[in-house]
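Chain naming follows the written order as A, B and C, and within any one chain the residues start at number 1.
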């Protein structure tokens, strides 16, 4: 253990609780001077929550933050900036309609006789940016420049303001290879100057290129911190996706792949810019798992199967009959259902009651002119509240007041009410408590036994392995491997994901 | 069923209470306020005036409620009123029959709504901007139709819509009551209401659940256009002429206000047409009350603004939770209050 | 359309060849505010008519309610070297510079129906009506008509704070001063519109015992009077008989009401501002005599005795 003073920033036992979910559970994190520290984890692992606690954007519920060995407690991002912690987000948080110089010195413009001294400001701006090898017209509007340049301007501003810790939140997400290289040059230079840099990304290639140490979070908990050089990619993926590596978790005998005929057949199905064309067969009563890291094309696969994004190549058929999957409405008519990954944005209708949320998809399929009577809705809601054990004081409660797990069950109920043949579940167990987690897995198995065909996307590998008869592995927006039968193990999945023909930096 | 009725009563209580208080206040300032008599076979009195003069805003509020429920807004209704009034006057004076005139005029309103709806649903332009286009251009179009003058007409059928009476009630009152009831019934007896609310709260989630969000959006704006057309016909018939400059001027704001006073959130979602109609009556009761009170006209807007601010403050979630908190002085009440304000 | 234009230019050509000597080669630029009201449309029509009758070549520019358009139009008139400029200013301020340019180019400027805040040596004259006087004429008519009997008057004001509303109220009150038999019992704004005129009149009628207390209505414009007349009829009273109606503007529709006996009198705000303006210009060119700085147009009173249907027919075509 290094002495505390060698760390510019350390966080000890950070807790953060949101209604219905524990976002951070006693997480420790430490950042040395002159270090690039990658912070990794799947969606919902707690990366951005941790960053927001460090920068004062959120009030933490427990734990201490030490800056240069002294305890600090930033109440907002402004105070964090003054203390020395600067943040640059993926969507550049600058003002596009102001000039580059104005953006750099916003709120602290050099003044002369009480007025902004534009000439002095521009001079200083040029000087500042020359440190970054950036020779641009600082009097031009920021929006005239590429996202990469805007990122650099944002970094320059953050470093100039803060100067101790720089947090880069997915800075490379919208940059091309060349721009990433430019950005990394700057990151290395700042590192030499002794800044501590936190780097959040989901591009593992870049992690290995730039970072010194890696901290992995999962479900709000610290999985571990490792030296990058001593952590094989395979182990890193295992840390991100599942805790036990060695266990070769459970290919129970349920994998005796269902003998039935292939019911759903997709050939060359894909959409440019979303997911490369893939083939997929699903049998009656079968769960096909989809694994892959964030950004690998998992959600894109789900959306294209459900018609949320229209396929521009390939065919889809059920029992030899062509399927119309041109829109969610069309897909629903084909008896498809889809529980999206981002429950809050794509799933729940927050202000409507649990009853209405459950009845919605069935009602939409029947059309507006054939309403479900209030009695039918009540029966439907009561049935699923009981069957899925949705915890709510009553069915008229707005669904946003429910916990994540119960919201998820209500969305599942919404689809079960339509009596689907083909159900796509995108991260059905993310961000929900342990009890609900187990119930949803049991439900998936039940549905499968009843003869439903399911596609389940999950970053919980043990889980996938437990219920899938086959697992598709995705990388770089393409289907790269299909594991079946004996080969459905966590280890094999991790191998397939890590197989290093490399994730491009773009 | 009685539970539904109870919920309905609870939903409408603040609006009904506000209306009652305002009517009482006016009757204090003007004692003959509640007097109703039969004159020429129709009811006659200040209360009838409120129902009658409130007709345009009430009609606009019906469509506006649905549009706002979709998380939209329709700024063009005042201008569409002017267009439709002009079209009605132009048709009737150039010899079309009453039926044809009404059909063309209502069609014009629906077409205006279709235009707004396409901008919002297909081109994905923000509603406030999309409808601003017609708000600005609409009066110009209306002036083209009337050629800049007040286009007067003498067709007894058309005039009847503005100043005739049916079962003792002025026609405008009958029209908005019947139309409001019809829309409310259609929306609540079918699944439209729920689908619109789902769309308004979370358009993407509704789309992913199979709701035809685009069609619903366009339909909402078309309904708003239809309401504006009816209001435009009534406004023109009332003065027997189409006044392109002044017909419906600023009424879009009164309609939005009626919806807000009616407790429907501008953020979309839950809506109540009945509450918006009461909101429209509240606004008109204030207007009529001011006129009856005999205050100098310089005070009109100040009085109106003060009363409306008061109503909105009383309705605000903070104030509501404070009331609940006071009426149930146990500490746990505060937590529940947040839910009940919804 | 082309045919019409050809015809019009032929007329102008003919006029310039064979027109009367005094104005044969007179070119006048006219910067109009826009066409926001029927009255203004009539003003434009009449100005064009007057120019044609006198053989003046009128260059017309519609500013669509924008001062910058008017300034642009004036500069273009100056550049074209017109002989005179008519300006109906949209606002009162901001004219000094462009008027100075016209003066430097020795082009006389005549202001129509509104004045400006600029030194009066920058323009030749202003032709406007006197709003206070209009109110006074209306009031005097009422004083003469009731002839000493007690009479409660209700007043429909124009848009609160607008100068016609203030001045027409003032003139009316001046005329009524000293006649204790006439009393303004209620005064509300009707925003110069028919709809509001009708609504406010309805409330007056309710508030004054179904209208039995009201002997006369004074409206700041005819449109409000037309709306109020409907309200009076719907209340079961006879406008023009049970309640006297006097208003201002003399738009065509009020003459129809007068012909039907439903309105009693209106005071004309003449849209013919160009006539006196051209008279002054022609006199000025002939003997160089500057007209007075303010030419007041006549505020003519029309009553039911003035053959209202005939006036209606005359005014109908003017674009009101």
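In the analysis below, a residue touches a chain if its C-beta (ideal position, glycine included) is under 8 Å from a C-beta of that chain, and two chains touch if they have at least 3 such contacts.
Each chain and its UniProt protein: A = Galactofuranose ABC transporter, ATP-binding protein YtfR; B = ABC transporter permease; C = Galactofuranose ABC transporter, galactofuranose-binding protein YtfQ.
Source: prediction; values computed, not measured.
Trainee: Please identify the chain lying most centrally, where each chain is represented by the average of its Cα atoms.
Mentor: Smallest offset from the overall C-alpha mean is found for B.
Trainee: Would you identify the chain whose Cα-based centre sits farthest away from the centre of chain A?
Mentor: The most distant chain relative to chain A turns out to be C.
Trainee: Return the distance between the CA-based centres of chain A and chain C, expressed in whole Å.
Mentor: Inter-chain centre distance comes to 70 Å.
Trainee: Between chain A and chain B (ABC transporter permease), what's the gap in Å when you average each chain's C-alpha atoms?
Mentor: 44
Trainee: Rounded to a whole Å, what is the gap between the Cα centroids of chain B (ABC transporter permease) and chain C?
Mentor: That gives a centre separation of 36 Å.
Trainee: For chain B (ABC transporter permease), which residues are in contact with chain C within the complex?
Mentor: That would be residues 30, 32, 39-40, 44-46, 49, 53, 143, 147-150, 152, 163, 235, 238-241, 243, 245-247, 249, 287-288, 291-292, 294, 296-298, 300 of chain B (ABC transporter permease).
Trainee: What residues on chain B (ABC transporter permease) touch chain A, complex-wise?
Mentor: Against chain A, chain B (ABC transporter permease) makes touches at 4, 189-192, 194-195, 197-198, 201-202, 204-212, 269-270, 339, 342.
Trainee: Spell out the part of chain A that touches chain B (ABC transporter permease) in their complex, as residue ranges.
Mentor: For chain A paired with chain B (ABC transporter permease), touching residues are 306, 308, 328-329, 332, 338, 340, 345-352, 356, 359-361, 363-372, 374, 397-398, 401, 414.
Trainee: Show me the residue ranges of chain C that touch chain B (ABC transporter permease) in the complex, using the header's touch definition.
Mentor: 35-38, 41, 157, 160-161, 186-189, 191-195, 198-200, 202-204, 206-207, 223, 226-227, 230, 234-236, 253, 319-320
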